[in-house]
Amino acid sequence: MRNKNKRHRKPGLSPGELTGFDHTNESEDADIYLIQFNDTEIKECKVSSVEEMVVPSSDDRKVYWYNIDGVNNPNQLAAIEKKYNLHPLLMEDIASAEQRPKLDDYDTSLFLTVKMIRIDAATATIYSEQVSFVVFKNLILSFQEKNKEGDVFNPNRERLRQNKGKMRRMGVDYLLYSLLDTIVDHYFEIMEYVGDKLEVIEQEMLTNPEPEKLKELYKFRRELIYLRKSVWPLREVIVKLERDECSMITDEVKPFLRDVYDHTIQVIETVESTRDILSGIVDVYLSSVSNRMNSVMKVLTVISTIFMPLAFITGLYGMNFDNMPELHNQNGYYVVIAVCVGIAVGMLVYFQRKKWL
Amino acid sequence: MRNKNKRHRKPGLSPGELTGFDHTNESEDADIYLIQFNDTEIKECKVSSVEEMVVPSSDDRKVYWYNIDGVNNPNQLAAIEKKYNLHPLLMEDIASAEQRPKLDDYDTSLFLTVKMIRIDAATATIYSEQVSFVVFKNLILSFQEKNKEGDVFNPNRERLRQNKGKMRRMGVDYLLYSLLDTIVDHYFEIMEYVGDKLEVIEQEMLTNPEPEKLKELYKFRRELIYLRKSVWPLREVIVKLERDECSMITDEVKPFLRDVYDHTIQVIETVESTRDILSGIVDVYLSSVSNRMNSVMKVLTVISTIFMPLAFITGLYGMNFDNMPELHNQNGYYVVIAVCVGIAVGMLVYFQRKKWL
Amino acid sequence: MRNKNKRHRKPGLSPGELTGFDHTNESEDADIYLIQFNDTEIKECKVSSVEEMVVPSSDDRKVYWYNIDGVNNPNQLAAIEKKYNLHPLLMEDIASAEQRPKLDDYDTSLFLTVKMIRIDAATATIYSEQVSFVVFKNLILSFQEKNKEGDVFNPNRERLRQNKGKMRRMGVDYLLYSLLDTIVDHYFEIMEYVGDKLEVIEQEMLTNPEPEKLKELYKFRRELIYLRKSVWPLREVIVKLERDECSMITDEVKPFLRDVYDHTIQVIETVESTRDILSGIVDVYLSSVSNRMNSVMKVLTVISTIFMPLAFITGLYGMNFDNMPELHNQNGYYVVIAVCVGIAVGMLVYFQRKKWL
Amino acid sequence: MRNKNKRHRKPGLSPGELTGFDHTNESEDADIYLIQFNDTEIKECKVSSVEEMVVPSSDDRKVYWYNIDGVNNPNQLAAIEKKYNLHPLLMEDIASAEQRPKLDDYDTSLFLTVKMIRIDAATATIYSEQVSFVVFKNLILSFQEKNKEGDVFNPNRERLRQNKGKMRRMGVDYLLYSLLDTIVDHYFEIMEYVGDKLEVIEQEMLTNPEPEKLKELYKFRRELIYLRKSVWPLREVIVKLERDECSMITDEVKPFLRDVYDHTIQVIETVESTRDILSGIVDVYLSSVSNRMNSVMKVLTVISTIFMPLAFITGLYGMNFDNMPELHNQNGYYVVIAVCVGIAVGMLVYFQRKKWL
Amino acid sequence: MRNKNKRHRKPGLSPGELTGFDHTNESEDADIYLIQFNDTEIKECKVSSVEEMVVPSSDDRKVYWYNIDGVNNPNQLAAIEKKYNLHPLLMEDIASAEQRPKLDDYDTSLFLTVKMIRIDAATATIYSEQVSFVVFKNLILSFQEKNKEGDVFNPNRERLRQNKGKMRRMGVDYLLYSLLDTIVDHYFEIMEYVGDKLEVIEQEMLTNPEPEKLKELYKFRRELIYLRKSVWPLREVIVKLERDECSMITDEVKPFLRDVYDHTIQVIETVESTRDILSGIVDVYLSSVSNRMNSVMKVLTVISTIFMPLAFITGLYGMNFDNMPELHNQNGYYVVIAVCVGIAVGMLVYFQRKKWL
């Protein structure tokens, strides 16, 4: 549930200083992949180094999309920063894996960081990956963490190639929307995951409450807290994009962004109502623990209440007094047994009436 | 409590792509029913296919109301989308059964999705159906899920036919209000359902608290969470409609919408205060469990406290020491019995004073 | 704590259709009482039917106040609606006993619905009555439920008659304020009721906690929830009146409305802090239940711990082995008794040290 | 913790009617004390009756400060109301001891009511006193409840006399600030009181949790609720003063008011975080109660588990069957004792391993 | 967790009166250190007294940064106040160690107080230090508490000397940002501290829940409350700085402040979600306590239920009746033993089935 990288900035460093990340494979270069397209043509190529990257002139009508896969090499990031004249803090945010989703609007460019939530197939737990976008008039730089599960944007590329939908006809803002939508579509998997897990936990806790299962519930609750923390600021980001705050987003794209916004709201509401339901399950669980204790106590009390008087009676006639007339009575023994049976039956009837049995 | 259909969009699909819903009876066509009316005349007909649907010219003074019953056939929906030149995302929202209630204002048209809450007569549980509206200047398209319980808008049709109220004299906005009002009127059934169920649960939990009943309470709480999740966004939708945000809604209709708004607020308040009351019931229940445990423990303690000393005394005189003078005392046995009775009575008085009995 | 009437609107009815209320005495006519006054003169009369009611011309400088006592007769209400050309929804709201307090501003008229909270002297519980006002330029219609406890507005009438205060000199807005103030003044009774009840419950729960009393606390909490639900929207109503939203309210009257507003805020704060205090009482109560359980368990444990070893010793010398030298010792019996006393005293000292006694 | 006076307005009274307060010493006149000053001179005198009070002309450059000590005499208050032409509701608010802190701006005058929180030295509990201010262009009327602990404004008087600080050079707004600051400075005592009490309760509850101490904690929590209720509206009052809403407050005084505002915020935050901490203490306390129960139960279980099998063995050989060969074994008795010791030791080792001892 | 100094203002003192702090080493002078720099040159010197401090003329293009280390000497502070013509309340805030973080904008100067959170290496607890800034057009005064852990701004000085980053090229606003950033960078240590501590507590509470550990959790929760109280108002301070409210902050510096803002938000979110997780841990812990109680009770009940009937049987045949035929049966004893074993085994099987063993 944790990100793999931690930011260890020494207090007092210059903003934007990128040295000192304790990434495990720091030297690893990112894979850079360019797609440039307009309505009629599309070109794709792998870019081997930052030097080869192009800064399109502002009157170029093509859309350039550089996808940078891997954010572990500070030198490379610094080179990109210099080439595109990015704000120094921006690269710091891209490289920091614990950055909160946010949107910064630098007049000529737009900077977005969002969290992509995925489910680790092996452990069936959720984890998040950071995806950052820098958007210029006709250029998008997208930054992802290197990931063995494959590039998340492959479907978008496919649609560009096949000229499906309106992606090729429209500008960077629609491309940005389309990439964000791909990320947010993963949230539906999450909502299904949350729904399924809730159902399992509910089923288990209501029918067969066990202390171990409360720990599972606790872990699920923790995942929900993590999920909310990741999705909540994304909502703000998209609100800002959609409202009239960003000159770069055209009116035509705004209904699409509103759709993405709806999806984030839905995730947040699902998380909130799931948490609400979980706290109800905990109530039921704790009460069932109390009830089981109650029933254990009842067994003990019934047993004690029946046998303690009987033990007294047998003890009584086990005394060794010289003068105990009953002992010499021919039927004494049978009377005692009868009395014992009577007491036992009487007690049982009494407890039956009290609904303890 | 769940919707029957789930949206399974593959991440990365074009927005508005409608293939791939796993509806069970996907091929099933919707029933399309047209009512066109103005102050003086009304015409009704069943429309057999999308091709027959009419796009009224903008200076047509009649109101056209197409009711589309069934949202499972993506081809049909796509045809409607094309005919009325709707936004691609709109059809996706109509077909997705888990869409959050929302209002989108596309200058020349208005799109609304709301949840209709109904009570399943068989299982006495609540469930929701999605109803969507696309509103043009003189045209309303209403989309419903196909439903065996009959079309919810029949009373509205009846009023149109009988020219009762002002429906015929007024425009699409009043028709929209009237349809929304029909939906929200169902909420009064829900409030009665909630009120009755609360009364039953309260009665049961306060007089005869049982662990099984806590589970019922839990299920009720879950229904309330579901209810709130359905109604809460509806409130926003109607606020947006009523405030000066939608050019299509005339001032004359706004007081009516405010009335609908009041009803949604009332549902929300009922849900909130019911939840509040339920948490009080849980407190009372848990304390009654503790109290019963307490009384069980008291019985056990009283019994033990009385009979343990007695058992000691009888044990004492059951010992086989040679030299135990009391054993040879003529009245020893009777003295022991008297002492035992004395101890028992003393204990009982003591516990009576301590209010344990 | 419930209202006596329920609204059973069939879904799909025209708005404002007033048939179908299941009022028990539906045919019962309302008592209509007119007071018309200006600075110099005052006239009062009972109005026998709606037909006799007057619609004052807009340049009439007198203030007309019709008080309609009873809202059960839909025909009468419909007649009033027609006479004063009221909005159809308005009568529906007046007749519905579960209407939420609200303010609707129809340019030439103002519509208010508020809840009057009263204490039922017999059962010492609170209940609410709905009072509605329609305010025109020189006319107020006030609607109340028929009530055996007498008309709540009698003191206002008395002041009008005696020309006490400035009521006669000022317009409808001051009369409206004065009527609202009368209603809100009842809230001070409620606050006293709440304060007194809290004190009783606190006293009982802290000194002598009993499960039955928790149920009382629960009922009190429920009353508070009901109270808040009634008063909270009233606050909004008065805010709207006082802020510059209603042209009908003159600046001179606004400080008075602010006073009424303060009183509603005070009720709300009292309710909130009382609820807060109650939840603290529940904590103390639950902990006292646990503590009593603890002390019961301690008694049981002390008794068992003392007598079980003793029982073992007596049992030991009650065995029938041939070769048990102690049995033949002259002082064996006395030694055993001494040992038993020693064990008992030792245990008691031990538990005393452990603070169990 | 309660105020000493209660407002018993009969519903329906004219606003501002001052008869009917059930003050115990209603006839008691207030002490009126005048200080009039400007930069160069200061005059002080005790005013024996309202008739002697002066209404300064609006071009008088002196500042007049009338301090009215005691608000129990309605006639006197009515006289003041008449003399200074105050709003009728204002006097009602001054006399009502349960008035919520508030600010009313009547163009030519400003009305403030605040709560002064003090600690009763005798009982070490907090209580509140109401202080009201009416501020005109060059006149302040301050109203206090009569108080044996001495007049709270003495330090302010002293500073005026000694011409310390800038009080003499500045106008009524600075004087008002200075009086408010005196009141809010008392809040630091309260914060210290709260901090100290929290420390004591924390110490007691964590080291030696007792049910009686939970009641203390409950009382403390109640005081905090009372405190918050008194301070929270004060915050609003000062915000209104400081923001550009009151023409009477000059820009030069606003930074000082912001300082007072900061102090109220600090009290509120202290109250909130203290409540938060207290709820953590309750958790720890309740868990410690459970743990003690647990340890009591363990003692009982250990004792029972050891001695019940032993009692069975001794019972076995106390039976009187003719044919019990072990009884005649020379070492039978010793074997039984050895077995008993073995069982006891075994059990103890077992419980030791289970960490029950 | 407490600040070391307390403010003991006597109520009624003049605002800004600085006498009377109960600082332990009040006479101790602050260390004043000046750095003055522009793009091309930098001068540093230790200033021995306030008299030597310079008030730069408003057209001086250098930036002057006076760092005042120690706020315990009121005379010195008063001298600074006089020299720079500061608002009297300002010095009071600087000297008061319990001042809430705040920003005051006095047109020509800006006043900031923030909390620096640090971890005490020795006790591994967090504590806060107050840092205040007064910012003029080309002058910053920074005030810190004297601290053995070394001056926190050393890295900033180093960067100025080495002309690293853009600090030397830019004005006071960037210097202010850089100092704030240094403070906020310490928050990452705090977040790591919080994350690590949460992990330890979670580990301990879930695997081996002990009452002592709940106290640790409680102390951690208290630290979080303290942390939130320190960081929350800082957020407001930076929002005010970054929004267009302060003329002194140039647009170029605002993105940097937004970065600082993001960090404060991240701390707040971490605190909130940690608290959320902790409350889940408490639930798990309390349930595990109940479960252990349950298992103790089960052992007791199993033991009692097995041995009480056996004790009855042995007691029965220990009675001394003359006529007890079984006693004379040759196999009686063996039958009894067989019955006892049977009962014991039967009970064990029964409890096994009930899953109590």
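The chains carry the letters A, B, C, D and E, assigned in the order they are written, with residues numbered from 1 in each.
In this section, contacts are C-beta pairs under 8 Å (C-beta built on N, C-alpha and C of every residue); 3 or more make two chains touch, one makes a residue touch a chain.
What you see is a predicted model; the values in this text were computed from it and never measured.
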item	value
Chains in simultaneous contact with subunit C and subunit D	none
Magnitude of the superposing rotation for subunit A and subunit C (Cα, nearest 5°)	145
CA centroid of subunit A to CA centroid of subunit E, Å	26
Gap in Å, rounded to a whole number, between the CA centres of subunit E and subunit C	42
Residues within subunit C bordering two or more other chains	286, 290, 293, 297, 300, 304, 308, 311, 315, 318-320, 324
Going round from subunit C, first to subunit D: chain order	C, D, E, A, B
Subunit B-facing residues of subunit C, complex	6-17, 87, 89, 92-93, 98-100, 102, 104, 106, 211, 214-215, 218, 221-222, 225-226, 228-229, 282, 285-286, 289-290, 292-293, 296-297, 299-300, 303-304, 307-308, 310-311, 314-315, 317-320, 324, 326-333, 336-337, 340
Subunit A contact footprint on subunit E (complex, rising order)	152-156, 158-159, 164-165, 167, 178, 181-182, 185-186, 188-189, 192, 206, 255-256, 258-259, 262, 265-266, 269, 273, 276-277, 280-281, 283-284, 286-288, 290-291, 293-294, 297-298, 300-301, 304-305, 308-309, 311-312, 315-316, 318-324, 356
